[in-house]
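Note that the chains take the letters A, B, C, D and E in the order they are written out, and that residue 1 is the start of every chain.
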């Protein structure tokens, strides 16, 4: 077993553990924190996979901005202790069962029927440099990029519409 | 090097856990976070594939996904806040006035 | 290097124009708020009309733009026209309704226009990542619109339900895209097609990816078993939004489905068709059976729209058959057209009867409509008959073309199933007619100019266009997909 | 000079008459409308006579085609009349006797409508009578089986109408349904017979490609005899229905519910003989199927005896005659069955005379009693209480008669002639015709002969009994004492008929063979051979008749019946007499065997199978409710049954209830997501494991 | 304009003029009746003109109008109407019965008169279209379209259970017709045309597919007829429908089913027709006897008449599948006869219902005494219905049975004369239930005081019935003009079966 693999399994264990932690925490704040841990771990994977820019974005935008927003809302609503003790009836066992089935399917797919390229060649040093990504973004991916900007604008409008109290005459 | 299959398996597990979170949690915010986990699993897959193809496209996708996630989070949290203002609860099991 | 060229702008003109127009309207809303409440519907409608004009000019001139990310062809042009039509109908239904319900905020129209741009992009997206973005672009405004009546709890509930489930479904879509990318090393539809042609290392991933993409889009078009959000969201949303959602989201979803499957995925048709078949069957049966149990007209129409998604899916089942493919697209588009007009019209009637706080929506509230409001009731009856597929209505023409395509593809079993479904559907559509004409009651309605015009116009259209279905179908048949 | 082209008028004249009466009958008054009807019928008689004259000169058959009727491919059936000796014989009988009865009825109905309290019915009666004449004429003159069938069913209809003439009464005059029941019964029993004739026609057409008599008879000999047997047996069903043979005779006694002239015309003289005519007409077919002939003969003979036994036990003056008619029809049918077509026709004619006479005579008796019971002076109507059922004054009951020969002598005389003719005493008409049948039977089939002879014996007995009960002895009621003789308009036809009953034998007098020679033109020599007079047979039957009359006299004449006394036969015969009185319980047997099972079966089919099972259960429960139930189940999987109401409570936010029912209160959004997830998992399972 | 002035187009679409006129009428009830009646009468006049133009000797389609209609993407949908011997009588029947039915609504329909008349005229358009369309697509449109006005007529103006009946009527009929639609589509796709003469000329459908197509078409028609066991909608629809609706339903709409068999099943699938004739014959005979037996114990007059329709139309189907001239001609004539007789019976029931507002037979009795004219007319109609010779019913039934005795139904493993024999039993049973009904209503003493003062028929009511009675006698006594119209076309049709040998069902 190479170092790569050891690192992979270690990080994978952390990622999965963090995900489970998020899933099982009774306190919503802990869930958020576990999720941040998970995101961070995934960011490390990005780095390992030669995606420094994305890793950076992951940490800054996802783990940073977005999750802070989550935490903020949780605190704001005082919703952290909510509802975790309730039973979910028949929903929970079925959900778990289905998830297990999905996992079995995935494993069978990935390691049984659809084994993919086992070796990955080394890449050039300028692979995934911010320049390269930026260039792609503004050439080949110009349309999606612009659409994304519109999307953010729309989201902004939406948030305003939702948060703004309706007029007094209602 | 780590085979792509391993990343695939990891992504699948994370995705499944995310989905499980949606299914078993009653807190709207945690459900929402679980969805983010699912997106994240997809991101991991993109990057892993990009690496194996030695192309950047996959990374670009992740960039877009992060942006979309941000937009979704904004709207989603706004929705949750709005509904909390009305119902003083974010238990989605309370949201069952319409059915049948 | 060249980021883009002017030809790109020209090809994407309808989209770009509408996006810009919506942005401008946003500014108008921000800076001329008082006036904008009055003129916004007109402005939005004008924008849509211009968009339609631009789109109409694109017929017969297939091209791809933005480095193959964007396809401008007859198909996208036709879809754009459909969207313009449904947008115009939605605006006509909205303007007075919003005032009546004290929801008249200009952002409504802006969000609607943005959502339409997302739908247009769905039809033009030649790359899976664009599909994903377009889906979000169409969905996010809809989430907000569904909750537009906040703090009305049902509206908020609708918004959140729609949002959570929508995001959940788009997670599957995204994972599917990732798998397709993994299998083919590309997300361009044409690229996928070429890669699949030249042989894949692991075709199974393409198949699984395609299936997950199907899930994401099937959720949007409300196919069983991914439909469960539909009735709740339709019921909770402001009715004008529901009317828009029922038409627009369906168009967008189907546009993407058709383009993705026909352009990129013909190679896996043999494996995926059983899945499509099952999905179609479930949707047809489930939608119709569930509709029978409803006592709320809004919910009944919601389930009815599910069942019509089933009919549209029938066309998709045939997508792999070379001989039938063109007829399939044309008949699906024609069916969409019929559905839009009928559906919008019927929502118009619902709006006319709706009272504050979600009242006036039960079947029993429609009792006696035939006597007190003969015109409105007649219009509703026409819509119901069109939904059922009774001649001489557009709905019948739609079904006729559709079933022909299915039979051409030699899916006799599916055709019979579809026929049975329309038989079941007759039951609940007729029930509404029964209530309107054969029970007594004294329903009050809101008589509003644009609402009346839309409803009556749609009813006339449903009948008259049946007789003139040939040119429309011709147009739909021209809406060819641009396959590189 | 011939008058063949006039033959359609035998139908048109009565139709014209009935149309006139429909349109202006009310304005014509009683006299006018009966006159119109009489002229119509009499006109038909005149035309018939003209046919006879024409035919005497040119005896071969003449076919007068009047119009196209049904014309499809090989099926070519025109409205065509056939004038030959056989049909003209029938025409003469029908229109001749018919006209006499018209005259009689003009008087009789004047009283009858008043006794039944509905003077407006007078015109209706004559409309029906004319309709009957028209239909009967079509029957006898049609050139094809199909046209014959038109008349065949037409007379059935008239029979229905006339039996049910007093549709709101019982036969005893009280309010009720019995008359209409009788009418219905007659129609349906006739229809059963008609079915046989229909089937015979289908077979004839399929085998021989035509329905016209000439073509059919010409082709018959080339057909497999077993088919011919089938055809003739089918026809026998028709004969049994129309001519009241076993087992379909049951309608005829009930048919006496009709006014008495109707009984005379339809149920004695003409319509019921249609079956005999049919067999005679189909002689070429029957001759090819000896087995069918034997069957016909045996059926006829059995009917003759069977009905005669029942006649012995009847107390109703008309019922006796009714059973007698059945019995006599049995004679005729037996005759034609034996191939003695001429003898059958001969008896048909004479029977028409004396049985019409007897019926009309009985009508005169009935009216005499009725008039004594409730006098009507002139045309002055007098209301009388409608009798209650069971306590009614029944003027037809022989037990309240007696001694009438003194009060109504004319009626008595003619009645006696008729009775003796029926009993078969020489030299009256009945003697010759019956004798000819018996002679033929003796030659052809001893069994038939024996049966018929027994029947003849009983005939003489019951007629003797009737005459003695009615006209001799002492009056057994007030009405019988004061009975009033009928007016001349009624008695004159009686006298004419009496004359015919006396002289009718001349038609085919032994040695002269007038009728034989006449019919030979139509039937051919083979089927119209002369029967020589057989002294043994004649003597046997005459002696038997005399013996029977003597027997009747010992029972009823020597010691006349007293009022309210039991019938002397009842003592002698015991339970056998009860059986006779109850007509061997055949009606009851049919009720038990056919009618009630059919009613129950129909009700079962309609209520249970069609409605409750097919309509309610299969459609409403299984299909409709099933769909709806399934739909409701799909829509509210957790809200079924009792829980339904509770779940509605949840929606209104009843928290306490909600938490106690938390097991049901699953998060719906998550349910939906679970459904989505389930869809994904199963889809992937299919694709990964099965594709 | 030229297109619209084609005789057949004129006859189909003229009632739409009346509809238009009615649309502009507001609340003028009496006027609405007159507009509708006059429209229907003019339509009848036009149909007589068509009859005048019709060449009886010509066995083919006549007065055809064929126009291209929808020609996209390889489609070849045409507008094609035409008339031949198979349909001319039914067209006349429709135009003849419609004004009569309208006249019967004068008193019976007081509520929303204008709408009623409007639907009625629309119904006429649909029915005429069905009988005249010679193109499958067009035919289907008219076929389905007739459902709508009838649905409203039953549902709005019907009896207490009208909604149930209306929906049931609609769903049952639709259930059959959707299968037919599939078969039509199959033909259009694989034979390249929807135009009937083309399809007949092309032929060559493989036997096994013919078999399925036959069944698909037959499903639609058998439900409409209705043939046993698909009849369960009929008693509901009839009992609940308003009188005029029942008249048209029984008189014309049911004929659409039998006409469908004649026009499409027999012409398009001759091989299968021969093959399945015995099966159809069995169903027809069961229907005849079943309908007759079930009619007998009914207590509601209208229901009795409704069930009798099942029996009568069984005869028609039997005649059609006799596949010979007598059977088919008789069947066509019997369609007309049933339209007249049963239409008249429903009218008669309607008259009494208007007077007493009940149809329970036990409520009546002895009506002859009270309403003699009514009684006599009823008797004539009842006799016609039970097939008394000299009246119309007999001619039809007799020729049908004659044809069936040795006809196509007797082919194959069932081969025998049983079909006609058993069907003839239906004739007896018809007498049983009809006489039973007549007796219950008219004979016996007047037992119910409420019946004592009933008025006899009015002049209007007589005017409604007398045309029907004239036809009853005319067809009964002199049907040759009618057979002459039918004959050549039927001869041509039956000739197409001559070369076909019976093959057992696979």
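Assume a residue touches a chain if its C-beta (ideal position, glycine included) is under 8 Å from a C-beta of that chain, and two chains touch if they have at least 3 such contacts.
Everything numeric here is computed off the predicted structure, so don't read it as measured data.
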Self-check item: subunit E reached from subunit A - shortest hop count over touching chains
Solution: 2
Quiz item: What chains, if any, are shared contacts of subunit B and subunit C?
Solution: A, D
Self-check item: Distance-maximising chain from subunit A - centres being C-alpha averages
Solution: D
Quiz prompt | Most heavily contacting chain pair (counted by C-beta pairs in contact) | solution = A-B
Self-check item: For subunit A paired with subunit C, centre-to-centre distance based on mean C-alpha positions, whole Å
Solution: 30
Quiz item: If you average the Cα atoms of subunit B and of subunit D to get two centres, how far apart are those centres in Å?
Solution: 93
Quiz item: What is the distance in Å between the mean C-alpha positions of subunit C and subunit D?
Solution: 75
Quiz item: How big is the gap, in whole Å, between where the Cα atoms of subunit B centre and where those of subunit E centre?
Solution: 64
Quiz item: subunit C: which residues touch two or more other chains?
Solution: 129, 133, 136, 140, 143-144, 147, 150-151, 159-161, 164, 168, 172, 182, 204, 208, 232, 293-294, 427
Quiz item: On subunit D, where are the residues touching two or more other chains?
Solution: 635-636, 665-671, 673-674, 677-678, 680, 684, 688
Quiz prompt | subunit E: positions in contact with at least two other chains | solution = none
Practice problem: Chain pairs that touch, all of them, please. | Solution: A-B, A-C, A-D, B-C, B-D, C-D, C-E, D-E
Exercise. Within their complex, state which residues of subunit B touch subunit D.
Key: 19, 22-24, 26, 31, 91-93, 95-97, 99-100
Practice problem: Flag every residue of subunit A that touches subunit B in the complex, lowest number first. | Solution: 4-5, 8, 12, 15-16, 19-20, 22-23, 28, 31-32, 35, 38-39, 42, 45-46, 48-51, 53-54, 57-58, 61-62, 65-66, 69-70, 73-74, 76-77, 79, 82-84, 86, 88, 91-92, 95-96, 98-99, 102-103, 106-107, 110-111, 115-121, 123, 127-128, 132-133, 136-137, 141, 144-145, 148, 151-152, 154-156, 158-159, 162-163
Practice problem: Enumerate the contact residues on subunit E facing subunit C in the complex. | Solution: 69-75, 112, 115, 137, 140-142, 144-145, 147-148, 151-152, 155-156, 162-163, 166-167, 170-171, 174-175, 178-179, 181-182, 185-186, 188-189
Quiz item: What part of subunit C is in contact with subunit A in the complex they form?
Solution: 1-4, 12, 19, 23, 26, 65-67, 69-70, 102, 105, 107, 110-111, 114, 117, 121, 127, 129-130, 133-134, 136-137, 140-141, 143-144, 147-148, 150-151, 159, 182, 201-202, 204-205, 208
Quiz item: Can you name the residues of subunit B that touch subunit C in the complex?
Solution: 4, 8, 11, 15, 18-19, 22, 28, 31-32, 35, 38-39, 41-42, 45-46, 48-49, 53, 55, 57-58, 60-61, 64-65, 68, 71-72, 75-76, 79-80, 82-83, 85-87, 92, 95, 97-100
